[in-house]
Amino acid sequence: MSQQLRQRLFAELDALVLIDPHSHINPHEPASTTLADILGYHYYTELAHSAGMAKEQIEEAGLEPREKVRRLIAQLGPIDNTIQYSWFVEMAQSLLGYEKESVEASDADQLFDLAEAKMAAPDWAATVLRQSKIEAVFLTNDFDDPLEGFNTQVYIPCLRTDDLVFHLAKAEVRERLERAVGESVTSREDLGRAIGVLFQHFTAKGARACAISLPPDFTPAPVSAGRADVAIEAVLSKGLAASESDRKATSHWVFWKLAEFCAEFKLPFDLMIGVNRGVYAAGVHQGRDLYDSRVSLIQYRDLFNAFPQVTFPVSVLASVTNQELTSYAWIFPNVVTNGHWWYSNTPAYIEHDLAARLEAVPRTKQIGYYSDMYKLEFGLPKFAMYKRLLAKVLAERFVIDRNWSEERAVGFGRQVLRGNVESIFGIGES
Amino acid sequence: MSQQLRQRLFAELDALVLIDPHSHINPHEPASTTLADILGYHYYTELAHSAGMAKEQIEEAGLEPREKVRRLIAQLGPIDNTIQYSWFVEMAQSLLGYEKESVEASDADQLFDLAEAKMAAPDWAATVLRQSKIEAVFLTNDFDDPLEGFNTQVYIPCLRTDDLVFHLAKAEVRERLERAVGESVTSREDLGRAIGVLFQHFTAKGARACAISLPPDFTPAPVSAGRADVAIEAVLSKGLAASESDRKATSHWVFWKLAEFCAEFKLPFDLMIGVNRGVYAAGVHQGRDLYDSRVSLIQYRDLFNAFPQVTFPVSVLASVTNQELTSYAWIFPNVVTNGHWWYSNTPAYIEHDLAARLEAVPRTKQIGYYSDMYKLEFGLPKFAMYKRLLAKVLAERFVIDRNWSEERAVGFGRQVLRGNVESIFGIGES
Amino acid sequence: MSQQLRQRLFAELDALVLIDPHSHINPHEPASTTLADILGYHYYTELAHSAGMAKEQIEEAGLEPREKVRRLIAQLGPIDNTIQYSWFVEMAQSLLGYEKESVEASDADQLFDLAEAKMAAPDWAATVLRQSKIEAVFLTNDFDDPLEGFNTQVYIPCLRTDDLVFHLAKAEVRERLERAVGESVTSREDLGRAIGVLFQHFTAKGARACAISLPPDFTPAPVSAGRADVAIEAVLSKGLAASESDRKATSHWVFWKLAEFCAEFKLPFDLMIGVNRGVYAAGVHQGRDLYDSRVSLIQYRDLFNAFPQVTFPVSVLASVTNQELTSYAWIFPNVVTNGHWWYSNTPAYIEHDLAARLEAVPRTKQIGYYSDMYKLEFGLPKFAMYKRLLAKVLAERFVIDRNWSEERAVGFGRQVLRGNVESIFGIGES
């Protein structure tokens, strides 16, 4: 009975057309061209590597897509239990017309050909979006992205700021910034002005969010103008040779400045909290980051208090931080729960975390899900996973446990899936 | 089948008459006089504020109760998913005779009138208690409460000690203490004697517990007499101008002294661990506190070892601390699990935390639930929520998973709900 | 329907014959001789003590087994809700032929006699293993264990190294080491050579793992030869009078050396992370340890990176660390999830933690369960508990939620229960 109920709720939720509020899509090549683009996704390469496949096998220079696919498919057996494997199979079935329940080494060539034929269609990206019932996708744009040559109604720009906050000491980042704004940047004033130019550029192109990922030990704090003058000048002139203290002060100042511009330009500031970069140094591309789950939103207390006019959609990397996120969103008007990120984007954690949010955070302040995808083909299976879990939690914890009508449960689900994305990011507003 | 089983267990548990072992009831005005007392509960004001309602709208000086209710009800839509909203509706249905499943702006006046009529009855508080099947309620009394003018068999005094431990440097607190004991307090000896007088007063009036809420970084430790002499004298003479170090030493000394008196007077010492006060400074009244979930019961190791004769009913604010609480109660004879506090008092966390306790902590050492309520009307829906979850966990994890008889499961539930409150707090003893 | 499905999966999993990859069995006395050996297990003594039984009652010198059993059984009432109590009853029913669902004081003598008769059989240990469907059991051997006089195919040696890492400053440990290797140990070189001798001895006797339990604040790090020379010489000459700094450096050096030898001898290195010893000083034997759940696998980052050729089966004490374990095993090829340890070895935590692992860690890298038992009689009920939970998670989260066939789910369960123990520890290899 509960399973049929879940099925009915899922069917209703699955009928919605969605906006994906966070992805890593390249709008110039949004969809895959071969199956190697799909299996090259770090979820497959890192899991295959973790299960014993040599990194050199995966990242060999000049490796042909077909051969890469053969190699990876031959190594999927040890990971065929994972939810990530199920995304791959569901994608192949739904978008490529693949019919089996599993993918064996002997299927590699056939599947590669199937994919190649489909992906060669000139409207493949549009087809994928339509079949995935996704009408627009947020991007993750470098701060110096010209944001040209694509439809920003479908591919919505988002200003990603990790480089500015954490890597300004690298000559290359400073130079990219100077080129982007067409001016030299050697002082605090220059830097502030340059960041302002970026915000003008991005919002003029329809950006709907500023975003950043943050390590577990980061604690935002304002920096006095005097201290910032010294620190920023040191960082901009000495680069990586600047002191740790000056680099930290610069990071803090830039972060705080971003929040000020988010206020001025009325952009939500997506905070993705908790990642340590490069923990497994010998890992495959994008398969090196992990975390320390000992992080607290109390670290963001001053920020949330200082910027009541800025909306902070917050993602946390570890499920053990989800209760804090739930509580902070319940108390702070400007804190919003945002999706299920990375290592928490698996069913057991989504279910646990989602249940806690649905029952304690105002319904207007929950962004249900984003795909985080690099290629459009992953939107369908990832959102499908989430919608099934949303249907499960609504069925078990609202319809059954709390006696809600199915209609009411579906209405709540719709808001979390779609309505809040529109209202929080101002989609549809000019 | 599982749902019918849950229903049967719930019916049995719901038939019990309970004692509520922790609340903030004012025994002189235990029940509400208008619906504004109900909707003024911080759970509604903070959630409405979080969802966008201006603090000024809620806390406007001189606001009439009817207008306050109109305003708040008009803002309940965005929080109608929350478990807190469901408490309100269940209370209105069960105690006020309200019949709809939701409360809309257009219902405000009718509901206000309905409440006003009911609450005007001279025996309203007794009616609420009877309908809620609650026969006694623990209070949270200031240390200088005269504890007079109410029936201490129904409203059981409890000595709340946050002010003594954390705010003794405030002149007002010291003065209240001096007035309460009728002597000046200027030294360690004075202070110790004064606290002893409070314990005598409270236990003479039937107090059944000493209680305190504690920030995440608090680590109880004994302080030598010499160090305490200096620190306490500084705090009592300089007040808030005393050094951080002296204030801390005083806090530690007073806390330890409380534990000593708990031993002497055979009072359980309720520890409510983990709250940071005033995190959201601009929040509504009582809607400003949050927490840092990075706290450990290892911080209480010396305390638990030093006072084997004192029972410590422990509440933790974050679900991530619940396993430690479970383990410490499993090992330390004097540690008892106590209810589901505040941000962990929502179904998903209660269910998870409760399951862990029921299967690993001796059945005699679990206090199932307390309401934490400010007005009697909340006892019914809060306990109902808990009893439903208790029935769910007993049904799924004991009757189904472990093949227990329903009778055995109900017996366990009864002990957790009522029996242990009596035995742990010595209710019924002289 | 879901219950019948669980039952079918359980029956399939329960048919397997297993290898238990971690226990504290004494191979010279693997099974119990009286029921006092069973009820003397710390799970019963510590819970009975926690529920109010005096330590002196339990640990009285010269206490006869029958009297000890009488006393403990008389105190089981307050813990008859616990999963540990259910192990006892299931053991008594399955292995001793006991027929009731509970054990009362009046049953003590009959049960004692029943046990005595069964345990007197000369092939009792073999009978227990056979009925428990366990064909081999890993041991926890002191580093100076001669490993003689037992069948190492059934009782598989495992080099336990806590003493070497954390207690080398004790004269008795150093002397045991010197006796074990037949040489004096006064320098870093001596110590390294001695440890090498231990590895030779253990692997020659068929050891399949090196193992250690670690406190929450331990962070492995290499130590330079120069620093180690000084530190080790100080520790070996001054013993407990050596400085904290020298003792720490010695611990770190020995730990790192163990990892080097694990690489050389191709032994997996079991890390059991998170225990604080002696937290409750007045507790019963083995009932004094607890933990601080604020621990992170980021502390093991350098170790995991430095020893890619060593497999680290990792156990964590607190469920809040399980997501990190899941993520680290998903990324690091040499990190493997290992069982459900101690305070996390209760159904609610196993279920939550297991679900997260099954869906995100390669299927080849999960060691489902170990018993941690001191006497063979506990293998049956502990593994039965785990198999029921495994069946539950596979039924609910794979067959129902993800549409897996039952056959596929059972295949996955078999691998986690048995196949991976063989492949990870090289059972069956010469």
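So that you can tell them apart, the chains are marked A, B and C in the order they are listed, and the count of residues begins at 1 in each.
Going forward, contacts are C-beta pairs under 8 Å (C-beta built on N, C-alpha and C of every residue); 3 or more make two chains touch, one makes a residue touch a chain.
Everything quoted here is computed from the prediction, not taken from an experiment.
Chemist: So what angle, to the nearest 5 degrees, turns chain B so that its CA atoms land on those of chain C?
Modeler: Rounded to 5 degrees, the superposing rotation is 120 degrees.
Chemist: How would the chain A/chain B interface be labelled, same or different, where same requires over half of its residue numbers to be shared?
Modeler: Result for this pair: different.
Chemist: Based only on mean CA positions, could you tell me how far chain A sits from chain B in angstrom?
Modeler: 39
Chemist: Would you pick out the residues of chain B that each touch at least 2 other chains?
Modeler: 294, 320, 352
Chemist: Can you tell me which positions in chain C touch chain A when the two form their complex?
Modeler: Contacts found on chain C: 294, 296-298, 301, 304-305, 308, 320-321, 323-324, 326-333, 352, 355-356, 358-365, 397, 400-402, 412.
Chemist: What residues on chain A touch chain C, complex-wise?
Modeler: The contact residues of chain A facing chain C are 3, 46-47, 49-52, 78-84, 86, 276, 279-283, 287-288, 290-294, 318-320, 343-344, 346-349, 352, 388, 392.
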